[in-house]
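Here come two complexes built around chain A, the first alongside chain B, the second alongside chain C.
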Partner chain A sequence: MSETSQATLERGVQALKEQIDSTTAAFFSSCTHCGMCADACLFHTETGCPTYTPIHKVEPMRRIWEQEYTLVGRLKKLLGLSKKVTDKELEKWQSLVYNSCTLCGRCSMVCPVGIDITGLIRKMREGMVASGHAPEGLIGASERAVEIGSPMGVRLPALQAQIKHAEQDTGLAIPVDEQGAEYMVLLSSMEIINYPEYLQAIAKIFKQADKRWTLCSEAFEATNTGIQIGSSDIAAELVERVVAGAEKLGVKTVISPECGHAYTALRWEGPNLVGREFTFKVQHILEVLDEFRGQGLIKTEGVEEAKLTFHDPCQLVRRGGVVEQPRNLLNMIAPNFVEMDDHGTMNWCCGAGGGVSANEEADKVRIKAFDRKKHQIKDLGVDTLVTACANCRIQLEDGLEIHDMDIPVQGLTEMIADHLLVSNVSKNIEEQAS
Partner chain B sequence: MIKELTRVSNDTEFREALKKLTAEQIREVGALFVDNVMSLNNDKRVTRAVETAHDSNASENELTEVFKSVKKAMIESRTRCGADCDWDDQSVHFVARAATAVVAPEGQCKAKDPMWQVVQSCRMARNCALIAVDDDSENPEAESQYQIFNEFLEAT
Partner chain C sequence: MNSAEFLLWVRGPGLQIATVIFLIGMVLKLLEILLLGRKKNLAVLRSSGVVEGFRTIFTRSLPADKNTMKRSMFTFVTGYIFHIGLFVVIFLLTPHISLFKSVFGFSWPSLSTPVVDFFAVATMVSLLAILFRRLTHPVLKFLSRGEDYFVWVLTFVPLLTGYMSYHHLFFDYNWMLATHILSAEIMLIFFPFTKLTHAFTLFISRWYSGSIAGQKGVKS
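Right, the complex of A and B next:
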C-alpha cells in the first residue's frame, strides 16, 4: 500500500494541516479544558490514566493548528518559542490515537462546547497514517482490504463455500448478483469467518418477509478499514466498490450488517468520501428488520426465557440513532429484557471498536476497558447478552471469558431468525422448492 | 424410544430424529459427530471434552470443568478481527465450538438448538478445511453424519 510505505513526518504534518478546516479551528479555539471528556471515556475511567483524556489525544494536531493558523502561534514560532511536532512525538502518540480510542463518540456527546472530539481523533489518524505511525495490525488489514477486498483475506471462493453451507442448512437459495433485487446485503468478514449463522438468518428472514435480496460477488464486504486506520483515500476506494456493485445490480437499498463502523463508513461518511449522492438507500440490518416488523412482514413465535440485555453498538446509537429498533425487535421475543444503565445514545463502548480489536498492541488496554461493561453486566445479573455488531460480540465473549462469566452472547438478527414462525418459513421454502 | 426412529437421509429427517433423543443420547451421538472431525483438531482441551462426553459415568462437575476448558479453547481459536484468516486454524475453532456445544450445560450454548449447533459446527470445520486447500467439492460431512447417526441407531 503506497500510502503507508511512503510515510514520513513531513507527509504526516502536511496531512494534519490538510485536516484543519474552519470547524477544526473553532473546536481547538473553544476548548475550555474542563476535562468532561475524560470522564466520558472508558479508557480513562477504567485506567485512571490522565493521558487518555480524549482531547489530549489530538494535542499534536492542536499545536500544528496553533503554530500555522493563529497569530499568537505564528509569533511564537517566529521567536522560536513553540515546540515543533516531531516524529518521535507522533510515534509516542500512536498508542493514544489508536490503542486507547474506539472512536465511540461518547466524548463528543458530553463536551459542553460541542467539540466533536471523536471527529478530531479520526482526523488525527490521517496524519498518523501519513507519518508511518499506524499500528501494524491495521496496516495489514487495510492492505488486504484494498488488494483482496476483505481485511481478513476472505476471497470469493471462501464466501461461495459458506454460501453452500448456508443453503444446505436453510434449504434456501442464497441469491448472488441478482439484477434488480430490492436489497443488497453486505457482510463483514467476521460474519463470514466466525458467525456463518448470520447469513442463514438473513436467508430465513427475507424469505418470510418475501423480499428480493442479493449478495454482490464484487462487493460483499462491508468492513471499511480506511475509516479505522484513518485514510480517507482507502475508505473512499472501499466505499466506491460497494457503490459500483449496488449501481450495477440496480438495488434500492444496501444493508449494512451487524458491524458498527461499517454502517458509519457507508451511510454517514460514504457520500462525502466518494463526493456524490448515492442512488440507493443505506440501512443497518436492524433498521430493515424493524421496518419488516412494523409492516407485519415478519412473525415470530415463542420467547426467550432467559433474562437478557442488549449492548448497543456505539456506531449505531451515537452516530446512527438506531436506538428504538433493537428494542422493538426484542419486545417481540424477550419478555425478560432489561436495560443496562447508560443504554442507548450514552451507552458505554465494549472497548474494541474503531480498529482497537485489530490492533494487537492494544490487547492489554482493550481488556482493561472491558471492566466497565463487566460491571454493567454483573449489576444486571443477566443470563444472556445480545448485540448487533460482530466486533462487539467478539470483545464481549473475550471479556466474559477472561472474567469467568458464563454468559452466552448472541446477535440480534440470529435471535429473531431463531423465533420466526416456523410454519411461515416452511411454507415459503416448500413454495421455493416447487 | 430410540427403536422407533428410522434411518435418516436428509436434514429434515435428521433434525426430527435428533429431537427425539434423550439428553444422554444427545451427548453420546454429539461426541461421535465431533470424533469425525477430530483429525482437524490440535487442542488437548477439545480432545478431553470429547472423551468426557463419551464417558457415560462422567459427573456433572467433570462436565462443567471440561465445558469451561473447551469454551476457552473455542474463544482462543477464533480468528481475531482484522487478522488474515488461516482457514486451517478456523477449522480447529469450529471443532472446539462443536465440542463446547456437546458438553454445554443447559442455557450455556448460545444456539437455540445446541445439538444442531454441534452438527453445523462440525460441517463448518470441514468446510473451513476445504477452503484452506482451495477445494470446492461438496462438503461430505452431512452424509457422514447421517451414516454415523444411522449406525448409532442400529447399535442402540
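Right, the complex of A and C next:
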C-alpha cells in the first residue's frame, strides 16, 4: 500500500492541512476546554483516564490549524514561540486516535459549543495514515481490502460456497450479477464468515416482497477499511468498486448490509470520495425493510416472546439518521421490546466500531469500554439483544461471554425473516425442499 | 498621572483603542474561519441542513438529555450561572447602559442595582468554583493550558473591580473605577485572540454541527 510505505511527517502534516476547512476552524475557535465531551465518551467513563477526553485526541491537528491558519498562531510561529508537531508526537497519539475512539459521535452530540469532535477525529486519521502512524491491524485490513477485496480476506469462492449453502437451506435462488435488478445487495465479510443467516434472510424477505435483487460478483463487499483507517484514497477506491458494479448491473438501489460504517462509507462519504453524485440510491437494509413494511410488502406472523432490546449501531443513528426504522420493525414482532435508558441518537457505542475491532492493540480497552453496554443490558434485564451491525454483534457476543452473561444476540433482518408469514409460494418451496 | 487623569484616559483613548482592536480582531477572526470555505456535500441529503443548523444554535444551550445533564451537572450549573450572570452584569447595569447609549445612541431598560449586584456575586462565586474545578478535576487539570487560566483572569478581574468600585471597597473610588474600565479594555483587546471568541464563533460552530447532522436526518 503506497500510502503507508511512503508515509512521512511532512505528508502527514500536509494531509491534515488539506482537511482543514471553515468547519474545522469554527470548531477549534470555539472550544473552551469545558471537558463535557469526556463525560460523553465511553472510553473515558469506563477507564477514568483523562487522556481519552475526545477533544484532546485532535490536539496535534488543532496546533497545525493554529500555526497555519490563524493570525496569532502565525505570529507565534514567526517569533519561534510555537511547538511544532513532531513525528514522535503523532506516534504517541496513535492509541488515542485509533484504539480509544470508535468514531461513535456521542461527544459531537453533547458539546455545548457544537463541535463535531468525531468529525475532527475522522479528519485526524487522514494525517495519521499519511504520517505512517496507523495501527498495524488496520493497515493489514486495508491492504487485504484493496488487494483481495475484503478486509478479512474473503474471496469470491467463499461467497459462492455461502450462496450454495443458502440456496440449499432456503430453497430459493440467490441471484448473482442479474442485469436490471432493482436492488443490489452488499454483504460484510463478517456476514459471509460468521452470520450466513443474513443472506438467507434477504432471500426470504425479497421473495415475499416480490422484488428483484442481485448480488454482484465484482462488488459484494460493503465494508470500507479506508473509512476506518482514515485514508480517503483507499476509501474512494473501495467505493469506486461498488459504484462500478452497481452501474454495470443498472440497479436502482444499493443496499448496505447490517454494518455501521459501511453505511457511512457509501451513503454519506461515498459520493464525496469519488467526487460525483451516484446514479443509484443507497439505503441501509433497515430502511428498505421499513419501506417494505410501510407498503405492506412484508407480512409477519407470530411474535418474539422474549424481553428484548435494540442496540443502535452508532453509524446508523447518530451518524446516519436511521432511528425510527428498527423500532417500527421491532414493533411488528416484539411486544416485549424495551428501550435502554440511553437509546437512539444518544445510545452508547458497543466499543468496537470505527476500526477498533480490527486493531489488536485496542483489544484491552475495547473490552473495558464494553462495561458501559454491560451495565445498560444488566439494568434492563433483557433475555435477547437485537442489533443491525455485524461488528456490533461480534463485540456484544464477545463482551457478554466474557462477563458470563447468557444473552443471545440477533440481527434484526434475520429476526424479521424468521417471522415472515408463510405464503403459499414459500410453502411450496418448503415442500419441494423437504 | 493622578486618578482623574487616569479615569479620563481609560474613558477616552483607552476605550477607543480597545474597541478598535476588538472590532478589527473579531472581523479578522471571522474571516479567518469563513474564508477557508468548505466543499459541497455530494451525497443525496435528507434535508438541506439550513434549518437544522439554526435549530442546533438554540438546542445546544440546553443539555442533550436528562442523563447528559446528570453526568455533567457541575458544568451545567456553574456554566448557566456565570453566563447568565455575565449577560446581566454587562448589559443590564445602569452605568453600562449609559455607556452603550453614548456609543450606539440608543438604550434599553436596566435592572435595579441590587439585583445586578446579586448576579455579580453569583457570577464570581461560580467562576471561583470553575477555577477550583479546573485546578483539581482530573480531566480539566489535564486539558487546561495557560490560556485557560489567562482567560479566567481576563473575565474575573473586571467583575471584581466593578464590584469593588460600586461598593467603594478598599481603594479610592476613581482609581478603582479606572482600574475596572481598564481591565474590561484589556479583556476586549485579548478577546479576538483567545478562546473568548467562542462567544461569537459558537454560533458558526453550532450551525455547522447541526447542519452536518441535519443533512443526514439526525437531530443534534
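Throughout what follows, the second predicted complex is superposed on the first by the 423 of 434 C-alpha atoms of A that agree within 3 Å, B and C clash if a C-alpha of one lies under 4 Å from a C-alpha of the other, contacts with A are read in each partner's own complex, and residues count from 1 in each chain.
Just so we're on the same page, contacts are C-beta pairs under 8 Å (C-beta built on N, C-alpha and C of every residue); 3 or more make two chains touch, one makes a residue touch a chain.
Since we're looking at a predicted model, the values are computed, not measured.
Trainee: After aligning the two structures on chain A, examine chain B and chain C and state clash or fit.
Mentor: Overlaying the two structures gives chain B and chain C room side by side.
Trainee: Once the structures are superposed on A, label A:Asp398 by its partner contacts, choosing first (chain B), second (chain C), both or neither.
Mentor: After superposition on chain A, A:Asp398 lies in contact with chain B alone.
Trainee: Tell me which of chain B and chain C touches more residues of chain A.
Mentor: Between chain B and chain C, C touches the greater number of residues in chain A.
Trainee: Pick one for A:Arg319: touches chain B only (first), chain C only (second), both, or neither.
Mentor: second
Trainee: Touching A:Gly153 in the superposition: chain B (first), chain C (second), both, neither?
Mentor: Only chain B; A:Gly153 stays clear of chain C.
Trainee: Check whether A:Gln162 is in contact with chain B, with chain C, with both or with neither, and answer first, second, both or neither.
Mentor: So A:Gln162 only meets chain B here.
Trainee: What is the contact status of A:Val409 with respect to chain B (first) and chain C (second): first, second, both, or neither?
Mentor: In the superposition, A:Val409 contacts chain B only.
Trainee: Once the two structures sit on chain A together, report how near the CA atoms of chain B get to those of chain C, whole Å.
Mentor: After superposing on chain A, chain B and chain C come no closer than 26 Å at C-alpha.
Trainee: Where on chain B is chain A touching in the complex?
Mentor: Chain B residues touching chain A: 11, 68, 71-72, 75, 78-85, 87, 90, 93, 107-112, 120, 123-124, 127, 130-131, 134, 136, 138-139, 142.
Trainee: Quick check: in the complex, which residue numbers of chain C touch chain A?
Mentor: 28-29, 32-39, 41-44, 46, 56-57, 60-61, 63-65, 67-68, 71-72, 75, 79, 137-145, 148, 193, 195, 197-198, 201-202, 204-210, 212-213, 216-220
Trainee: Please name which positions on chain A make contact with chain C in the complex.
Mentor: Of all residues in chain A, those touching chain C are 20-27, 29-36, 38-40, 44-45, 48, 50-51, 53, 55-56, 69-72, 108-116, 119, 267-272, 275-278, 281-282, 317-321, 323, 341-342, 345-346.
Trainee: In the complex of these two chains, what residues of chain A are touching chain B?
Mentor: Contacts found on chain A: 137-138, 140-141, 144, 151-154, 157-158, 160-162, 164-165, 168-169, 171, 189-190, 193-194, 196-197, 225, 306, 352, 355, 357-360, 383-384, 390-391, 394, 397-398, 401, 404, 406, 408-410, 418.
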